[in-house]
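First chain written, first letter: the chains are A, B, C and D, and each begins at residue 1.
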Amino acid sequence: MTAVKKIAVLTSGGDSQGMNAAVRAVVRSALYFGLEVYGIQRGYQGLLNSDIFPMDLRSVGDIIQRGGTVLQSARCKEFMTPEGQQKGAQILRDHGIDGLVVIGGDGSYQGANKLSKLGIKTMGLPGTIDNDISYTDYTIGFDTAVSIVVDAINKLRDTMSSHERSSIVEVMGRHCGDIALHAGLASGAETILVPEVEYSLEEVSERMKQNFAHGKRHSIIIVAEGAGSGDLVAQEVLKSCPSYEPRVTVLGHIQRGGTPTAFDRNLASRLGDFAVRKLIEGESDKACGIIKGELVTTDIDKVVNTKKPFNMELYELALRLSQ
Amino acid sequence: MTAVKKIAVLTSGGDSQGMNAAVRAVVRSALYFGLEVYGIQRGYQGLLNSDIFPMDLRSVGDIIQRGGTVLQSARCKEFMTPEGQQKGAQILRDHGIDGLVVIGGDGSYQGANKLSKLGIKTMGLPGTIDNDISYTDYTIGFDTAVSIVVDAINKLRDTMSSHERSSIVEVMGRHCGDIALHAGLASGAETILVPEVEYSLEEVSERMKQNFAHGKRHSIIIVAEGAGSGDLVAQEVLKSCPSYEPRVTVLGHIQRGGTPTAFDRNLASRLGDFAVRKLIEGESDKACGIIKGELVTTDIDKVVNTKKPFNMELYELALRLSQ
Amino acid sequence: MTAVKKIAVLTSGGDSQGMNAAVRAVVRSALYFGLEVYGIQRGYQGLLNSDIFPMDLRSVGDIIQRGGTVLQSARCKEFMTPEGQQKGAQILRDHGIDGLVVIGGDGSYQGANKLSKLGIKTMGLPGTIDNDISYTDYTIGFDTAVSIVVDAINKLRDTMSSHERSSIVEVMGRHCGDIALHAGLASGAETILVPEVEYSLEEVSERMKQNFAHGKRHSIIIVAEGAGSGDLVAQEVLKSCPSYEPRVTVLGHIQRGGTPTAFDRNLASRLGDFAVRKLIEGESDKACGIIKGELVTTDIDKVVNTKKPFNMELYELALRLSQ
Amino acid sequence: MTAVKKIAVLTSGGDSQGMNAAVRAVVRSALYFGLEVYGIQRGYQGLLNSDIFPMDLRSVGDIIQRGGTVLQSARCKEFMTPEGQQKGAQILRDHGIDGLVVIGGDGSYQGANKLSKLGIKTMGLPGTIDNDISYTDYTIGFDTAVSIVVDAINKLRDTMSSHERSSIVEVMGRHCGDIALHAGLASGAETILVPEVEYSLEEVSERMKQNFAHGKRHSIIIVAEGAGSGDLVAQEVLKSCPSYEPRVTVLGHIQRGGTPTAFDRNLASRLGDFAVRKLIEGESDKACGIIKGELVTTDIDKVVNTKKPFNMELYELALRLSQ
């Protein structure tokens, strides 16, 4: 006896690499365990438009390596209202769908939370590059985004060494500095500016001066967008070290694209399968995550209302190693 | 008071991506904590040749992104004898070196074990692409090797779809199927042959037949070298499905090269720093690893004498999702 | 007045990167100039099966970046007979198709030649990674294949430097050494073995010895498959320099895959458009190519019966620069 | 008898990928032909500082694959004065250097021109990503820069498809739209804005509207920096199509970095060798280039005073194929 018989899957919010691998895992696990499975196109907007279609094994063939999401994504104001949510639940019921897997970020989770209160069993999967969801160590897409940043900095390094300049790289992360932190550690950035840690631009400039004095041929500053803009940082640095001519690179949406890393594909595959199994076991209104290597579920309410703690230990390590 | 004052670092055995990031972390952490630090060129052979030189902050500048190892590696039969080991310990003592970080695999660990019994404090770091070291979830280089395999399979996929053929990919892993397992899950391989799981080539052929019958346009078989050769698998498949014309690709040493992934650089950075701190705290004869996200030390004896368990759950997931 | 009104396009022989870009260019140029355009699935086999379908602007959307060929490819013995060729011409006539663009290698060109004699206007586009077609400086896919080889050698370099070993890399090219030549020049290979130039393995070994004596830390030998097998070269080298432990890498079919380079996409786009314009102008039984930067047509007979000359100047340059 | 006996090589202006391959070719060809060869660090500034050192075969080992320039580059106001130029020529004479290869762009060429008038035989090599040097079809670094842009657009494509948005990509090129043109053709951009072709933003917006109306799921606009800023284009598009939410990506200095493509390495190798041979033959005050596949020299005066013509045919092809 399974707690659900027909489930649907949608992607919502900003897309992230690995969403397709998660969709594939949801579909194939569901079929493996004898469920029927449907796709919903364009997130909650598609749900309200009844843009719902049956999926089989071949629907998710050859997508594990693709960036973006074949189910597409869109914003939906209507679904933020109680009327919209009731309409959505009704449409699912009309299709005989009793379980829903939502892949996305915070806003997507809140939608799942509402639907669960209206009788649909729901599971949330953390699909966002920002790693800004609590009760999971990693979100789907984060490792790929970090890889893209590190690859871009590799390229900047060549030209920095040739000109002995410094580089300021603005990366994604409005409320969470994890992309900046992990990419900064991996690329040996001297300075990492994140929303979670206060900083003084004067100290940043001072540190740069000292690094050059100690023979560092180039200097990398990574700024999470939530901690400031690359241009502003450059202006400040220029004031106190006019000869450094810092170059600003804003990486933008390329951080969201590209084929997912093996890490993200495997994380997405494990989480997609796990969500299906938890629905079958009767759980609902839960966010799936990975904590210290173990797959776990947590109440969506708790996830949505908890700020993810920042890894100060890693931050200090990054600074210690980039002397 | 620190338990060591002067430490050295060497890389030994087959090289792996991220070894340089580990060397950088050892050197910079050691300097940060007030130690003197030396590099030993070409592993234990270099030790016996007194190929030892002081390292400073700049010695490890601009290497975090490089594959291979700037300290180079070599095999050394002499160091496998008690005389060689005593000579090595004496050379270290002559240099005033009381601590040693060894980055490598099983054989490298055994050398560290011997030296510790001769009065040198030692720490082992898992540097090998094969992920075949116990008491650590990941070795340094493993994530990069998996990425290279997955990237190669992405390329094979294009041409397989065009010709509707199947592909057999032989990857590294003599005693441990982890590269095959993780790359297989990430690339949606239909069949994953590893040394840890018995298999019948007849069943493999049968599964391929069924996949084609169910509309799969191409079929990927990954074979860890320890489980068989790609060519042998191809011959068997050809016998029972003469029309499939499987193509064999042996990925070889490209799996060891290339810039390390962000994951490997960060793992190496954390482990390198950790090894230094543990030496300072007085630990010795230990292997450093990461288990469920936490850095840990384990007695080298225990590590060397324990076979790493195979993740059957992940293996079954890979098969479940590649229907 | 255009000489053709309805044209078709097919890909044949081994696939190569950029074939999709060529198909896209053929379709969109044809539509732009007011023609109707059809796709034929699976090469000449698909033609004989009447696997023919109309294509519009959207049929070729989002394919310019994909490796392989969306039209797929297959071998077809039946089409090598006069009966098969007449059947093919008849099927085209039954569909009202008066022009055909064939993308492929030598065998594909011969098919086009036969069809032109049966009243179908034909154009051949050089789609093969081997660069083994005469009257064109570059074939579609060649630049990408060379890039893949160079990228693989970059990875091998890391590990060679770490171990001070030599590497033997076997690449594609049965009758034409161009992949070996261009990848060898680009990666600084010390030895390049191609079918067009006789060589002695003794001299190869001797050269390697000298290189090591002069301080080269690693040595790369590239072998085109038409010039010998990597394994055989390794055995010879081992005989005279037993300590070098050469490592053999056979790159295989990954050379055919992956997203095409910008160079190949643009070459394919230009040639696809050119072929359509030449059909409209009334030309037939021609192979399109690029010679010294200019797009040209040449009689297929002449192309098929001329061996491509080898660029000895470039070969000597490669050796001169890899001392 | 060679016209020069001791030559030097420097890189100047903005760095570009492939400069190292060119330096390697200059050094190794010079040695091969029996010349002595020197490197000058940091361009003309280094010359004035007598930062000159002898180079041998090993000085350029293992650099062919590196981005940037091992000789570094810097701006130098002093060398723009007659006094500076005389000082530079004198320093070269003092070292017994009678020939100089300068790798860089327009400004670098002008320096070579001045030195040649002061008795030093000079050759210029086109080292710049912008392809803005006349009398050569390609500059060293251009192919790599285009590849980086195309790779970035590949990533943007994923996320654009998921959200059905349009993307505006600003690329390098102040006076020359070639990066925009070649990357635009290769990535199927609907709109390509270059300094050489006037455009109206209204028409651009109109074209976008039509594309969406005809079913294009995403739309790419490439803007060369010399033709306008990505942000300004976005504002205009937003005015007439408020629902498209175009996303702007400014690629910046990552276009200058990364390992050079095989194409750039081979172009650089050929040109470096060619420059040395021309110096030996007694030519001076010339820029080396490649025109229709042939290596050529042209008077520097002529190169510096001629604006490179824009390839309108390719531009029209790009638009024709991106309907």
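Everything that follows uses one rule, which is that contacts are C-beta pairs under 8 Å (C-beta built on N, C-alpha and C of every residue); 3 or more make two chains touch, one makes a residue touch a chain.
If you're wondering where the values come from, they're calculated on a predicted model, not measured in any experiment.
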Count how many hops through touching chains it takes, at the least, to reach subunit D starting from subunit B.
2
Which chain has its C-alpha centroid at the greatest distance from the C-alpha centroid of subunit A?
C
Round to the nearest whole Å and give the separation of the Cα centres of subunit B and subunit C.
36
Taking each chain's centre as the mean position of its Cα atoms, how many Å separate subunit A from subunit C?
40
So, what's the distance in Å between the C-alpha centres of subunit D and subunit C?
28
Subunit A touches at least 2 other chains through residues 154, 157, 161
By the document's touch definition, which label belongs to this structure's chain graph: line, ring, star, complete, or other?
ring
Touching pairs of chains in this structure are A-B, A-D, B-C, C-D
For the complex, which residues does subunit A have touching subunit B?
24-25, 28-29, 31-32, 57-58, 61-62, 64-65, 137, 143, 146-147, 149-150, 154, 157, 161, 182-183, 185-188, 214-217, 259, 261-263, 265-266, 269-270, 273, 291-294, 314, 317-318, 320-321, 323
Residue numbers on subunit D that touch subunit A, as the complex places them
11, 14-15, 17, 19, 66-69, 72-74, 148, 152, 154-164, 167, 247-250, 252-254, 256-258
